[in-house]
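Alright, structures below, take your time with them.
Next come two complexes, and both contain subunit A; in the first it sits with subunit B, in the second with subunit C.
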Partner chain A sequence: MRQARTVISTYSADTFGVCSALYELGGMVVMHDASGCNSTYTTHDEPRWYNSDSLVFISGLTEMDAIMGNDDKLKDDVISAVEELKPKFVAIAGTPIPMMNGCDLEAVAMEIEAEAGLPCFGFQTNGMQSYLVGASEALCEFARRLTDKDAKKRQRAVNVLGATPLDFSINGSVESIKKLLKDSGWEIIGTWAMGSSLDDLARAGEAAVNLVISSVGLKTAIYLNQTFGTPYVVGTPNDKCFSEMVLRDLELAENDGKSRISFSNLEASAETRIYIVGEGVTSRSLAAAIGIKSGIVPKVVHTLEGLPELSGVLSKMDNQAMEEEEIQKAASDAQIVIADPLYRPILPGNCRFIALPHEAFSGRMFRKDIPDFTKIDVEKMLGQYEI
Partner chain B sequence: MKRVGENHNIPAVAIREAAFPSPFISGLEYSAPARGGWTIVHVGMLVPEAHEIFVCAAGCLRGVVLSAAEMNLTDRFSTVSIEEHNVLEGDMEELLIEGVTDILNRLPKIPKAVLVFSSCIHHFMGCDLELCYKTLGERFTDVDFVDCYMIPTMRKSGLTPDQIMRRQMYALLKPRGKSEKHCAIIGNCFSMDESSDIVRLIEGAGWTLHQITECRTYEEYQTMSQCSLCITTQSVAKVGGEALAERLGMKHLYLPSGFDADEIRTNLSVLAENLGTAYNTNAVPEKEAEEAMADAKKVIGNTPIAIDYTVTPRPLGLARLLISNGFNVTDLFVDSFSGEEKDDYLWLQENAGDLKVLPTVDASMRRYPRERQEKVLALGQKAAYFTESPYFVNLVEGGGLYGFDGICRLAKMMKEAFAEPKDTERLIQMKGLGCESCI
Partner chain C sequence: MIKLAIYGKGGIGKSTTVSNLAAALAEKGLKVMQIGCDPKADSTGSLHHLDRVDTVLELVKERKNDFELEDMVHEGYKGVLCVEAGGPTPGMGCAGRGIIAALEKLAEKGAYEKYKPDVVFYDVLGDVVCGGFSMPMRGGYADKVFIITSGENMAIHAAANIAMAVENFKGRGYAQLGGIILNCRDVKNEAEKVEELAEDINSKIVGRLSRSETVQAAEDLNMTVLEAFPDSEMAGEYRLLATKIMAECGVEI
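Here is the complex of A and B:
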């Protein structure tokens, strides 16, 4: 049955995606919920929590406030915290009960913005979708509201879109991607949103091209394309062979102004029995690298929402499957599977399994085993297997 | 409430000025990264061979599914996710019934017992849970189902989710004949220490003690029903003890685990009377407890001590014990006071009025200046975090400490903690202290 999972994990939720995307920007994110969400996010989904002081809180919603629609408590508590902690902005993210009650978080945010005098965002997340939805929307909303619309384009300037620890952990992957770009002569305007400030993000329009490194960045890339005319390239630098392809596409995009998906010409064949299970952009990028090196492109099972902006990311032999039985079915003939270790129990018992932990799925459990993407060597990864 | 602390708006208050039972104004809440307390997942797993199924939104599932995974218990844990269309269509009963049915049909082996957790949404929508459990019982006649609850929104309306969980973990016990001289201590996450006053008294009187923490099979768990006496030692378990006693015809004794000598003596006397034996004051280490405290004081001296509410259900009582024995208790990290601790609160106001009370969830604590210039001995994980101290007693819920022996053991733990630094960052982030963990 859809929605029933006997043994596998569940992805980080949209509410946490908002928190993760905005974590480093100097604001205050409030999850409008009773309790539990806060410790879940900060325990499992936020590796930066212990050693930083970013402001992420929970509203402490009670039954009575929910029933009575007492949004004033939320508003008053947020304003009180703003006065004390002086964040640069406020974001409020919804959870199941506010959604069920029809709490208008955008209206609450507008009231807070008027009263507290700082940008305030209301996100109608409901805790029922994945982090992809929340993080995408959070970054895109920042692009809509806070970017300098008069920005002048600069040659060989790039934004990196879709960087959160949920997809890249904090093991140096994002820094390595930035280094790769810098070493190739690119100036990085902003990384959305790890290691950049709110001011950096505001300058997004200066970029000549945007690099989308995960599905989280796609919505923002499309917005920036529509607003500033900036082309984008979709692809997560990994093995050198694919990274070079991404770098080449960035140059082409800057020159002709056309957006590109770096792995679009590398598609799996129907006979392939190698699978990558996980987030679409990083998985397709890895599949491309394997295809370049081995001549066989694995099939990808994208295990998150099939958002409209993902159009073109998955090839015709790939699948989008979010439910346990669907994922199981999609990879039922697998000989080799690359996936997060928590998928192992539902994959064919006799398939060869290559663990590629994904923080958004298994949280902190295998954090030390999450690779720096740019240091992936697909020959080594697959070396022990005949494909 | 007043704010103290240089250059920081930290809502600390001296205990002489702290309101009872709520010294702080509620507002946005912060979650300090001290995770040793047990969640409802950890508590539920104490029922041997039982399978947990949570029916909630993905965001709520995230924390519980990873709790189970970190315990390496994914094979005893499943989920049914509630989606927006379920809320709009109002098919909550169908989702729960068919979801649980599907999971049980797909598991490699049907479990003997299933804990089905409903969530806030079910209760707001008026889901007919009785119908759900009845239907499941009819479909799976060999499975014992129990209703469990992950309802944080209702945490301030009646019983807390923790109280309910510690009641429901015994709801699967089936009536059976009583056996002579069998009793149970219920509602604790940790077994009582073998050397504790309470265990020695029970076993010394020739009684057999049952504790869920010691049960390895479902059948062994069921043998708890033969007890004629059940004992609770924590306020959070009291409701469960009363419910169990009423349902299975037991006598319930609430003998709280505290630090006051008079209370300990009274509790042990009451227990002895119910065990049909005499309370022998020479059989309990009261004098040894005094000596242990004095000995610890010699070692720890005037070092500042911080205590938090996670280390014991009686943090004020603990502060009182230590201050009475000359220790320099400086910080108390508690968000509210338990009604049971009113006497200790009044005593501290009278005798240690400057003792600083600090919240743990107040939003401003996110930027609390944790580093200290001097060595601090912390009792509890949150105290260790907020004082950034590697010298801490890593204990939650009082562990298996009880009575005068518990005081002896606590004094020993304090001395050890004072002498040997720990990796605070690593240790306190592990969930469910004492459980298996892959972290």
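Here is the complex of A and C:
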């Protein structure tokens, strides 16, 4: 059956990507949607919900408002909430209903911005694309609108782009990546967007180089490159052997101003039957680490759609497979697979399976087993398996 | 790139007028793209002369994303690039949402970058009855809206509604009202009535077209007047109107 998922889970949607990316920045995020269960935008996909506050609202779209195109209600409600709660910015994001009746949220945002006098972003999300689309657009829009365009570059300063709990959970992975950078003498300007304030992010132009640690950060990296001329390095630090490559590339990029993809020289081995299934950048980074250690680079089955920027990141041997059947086919000859545990049932029964839970796919189910990326030791990970 | 949306009551002569304007501009050497935004998909026939062309929505429905830009764009008279958005089965689905999907698909496939047209016309169905039909005037689409009307009350009423929609959207960065095109039906006090409309909506009549048998004669040949009867008086009227509309957009031709 095409386009159907009968066994595996689905990824967090674009709507939630927006919420996740903007969660810590002091703004107000309004999902233009029917009222009811808000937990899809908060508790299910948002591990920070219980420990830190964020203004995430549902507009309470009614059938009549949708039919009558009553955008004024959304506008008025947002403006009165702004007066009461004084957020630093507003983001309104679409869901299936407004998307179906053609509500132009970018235009509504423009009207709110003019009336309320604070930055307001409109996102044409529709709940049918993956979190990558929403999160990367949210970060990039933030970069377009709120970064200080007169910022002066500083030596050995770096932004970390693409940090959300959807890819890194809240188990210290992002902090460890930051520590790794600091220990190598880098000053971190902003981490987009975990653990940094709106003001930190606004200073993005000061960085000498940007580090993209997931697909979510790519679009912003490209924008910052075009706007400030900042080169970027794509790679998620993991095993020491690959982290060192990333650190070396950061230095090279700072020196010659050229962007780099740290795993680009480690093409997947044509013959290999080892696969990593999941998000492109983190998976390719892990494949690279395995390649460095074992001489065999696993193939990546990239399971998320919608980011044109990503095509430059994947290896020729990799596979883009979104649907259950495609994923199943792409890994049908697998001997070893590294993937979220919810993929296990569609993989060959006799393959050896190494669990690498992914919050955006299995939520909190296996959260305690999500590793701190920088503490991954690929030899240990592959452990008993001969490759 | 100049992008213009043409609105007006159904049957008032939008497709006929736009096709002739497109032909007139193409004769002057401009690269013109005409996008029919009407589920009837009958905007561009007099330019490409084909029995039928695949609409954008038919392609999406049948082939998902597995088709090329060229499948949607059909070259017609003097190289005018013809596109029909298409729409759902009459009485089903959502035509307005269809227009949005079609225009997004066209942009996604790089139509504007690839063909780099000098002028794009959106020939939009009847009244702005729902969000979908305002799509061609949204940010990133048309820069200016021209409304076609005659002196008939229904046509004037529709024109006033369209002007009101444009006015309501003024904080949204949408297209601005470029002016009114009077397509005469030879009703009583026609010019006065349309003048009055223009005043009411703070706009002006940018051009006037006579009611002419030549138009119907050309239609019978499935051609534009410019192609079928290039030396006719009516062809001259369309050429003059094309010049005036371009002048409204700050371009001398």
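Quick notes on this structure:
The rule is simple: the second predicted complex is superposed on the first by the 383 of 387 C-alpha atoms of A that agree within 3 Å, B and C clash if a C-alpha of one lies under 4 Å from a C-alpha of the other, contacts with A are read in each partner's own complex, and residues count from 1 in each chain.
Here is the rule we go by: a residue touches a chain if its C-beta (ideal position, glycine included) is under 8 Å from a C-beta of that chain, and two chains touch if they have at least 3 such contacts.
Keep in mind that what you see is a predicted model, and the values were worked out from it rather than measured.
On the superposed subunit A, the two partners subunit B and subunit C both fit, without a clash. Judged by the number of subunit A residues each one touches, B leads among subunit B and subunit C. Of the two partner chains, subunit B is the only one touched by A:L61; subunit C is not.
Once chain A of one complex is fitted onto chain A of the other, the partner contacts of A:M365 are limited to subunit B, with no touch recorded for subunit C.
Once the two structures are overlaid on chain A, subunit A sits at the apex of an angle of 90° toward subunit B and subunit C, using CA centres and rounding to a multiple of 10. Touch criterion not met for A:E271: it reaches neither subunit B nor subunit C.
In the superposed model, A:M100 lies in contact with both subunit B and subunit C. By the touch criterion stated above, A:E111 is placed in contact with subunit C alone, subunit B being left untouched.
Judged by the touch definition given at the top, the superposed model places A:D150 against neither subunit B nor subunit C. Contacts of A:D183 after superposition: neither subunit B nor subunit C is touched. Contacts of A:Y11 after superposition: subunit B is touched, whereas subunit C is not reached. In the composite built from the two structures, the nearest CA pair linking subunit B and subunit C is 5 Å apart.
Overlap of the subunit B and subunit C interfaces on subunit A comprises residues 100-101. Put simply, subunit A touches subunit B in their complex at residues 1, 3-16, 30, 33-40, 42-45, 49-50, 53, 55, 57-64, 66, 77-78, 80-81, 84-85, 95-97, 99-101, 126-130, 342, 345, 362-365. For subunit B in complex with subunit A, the residues that touch the partner chain are 9, 26-31, 33, 35, 56-63, 65-66, 69-70, 74-75, 77-84, 87, 95, 98-100, 102-103, 106-107, 119-121, 124-125, 150, 152-157, 363-364, 366-367, 425, 429, 431, 438-439. By the touch rule above, subunit A contacts subunit C in their complex via residues 69, 100-104, 106-108, 110-111, 114. Against subunit A, in their complex, subunit C makes its touches with residues 94, 96-97, 100, 130-132, 134-135, 138-139, 169, 171-174.
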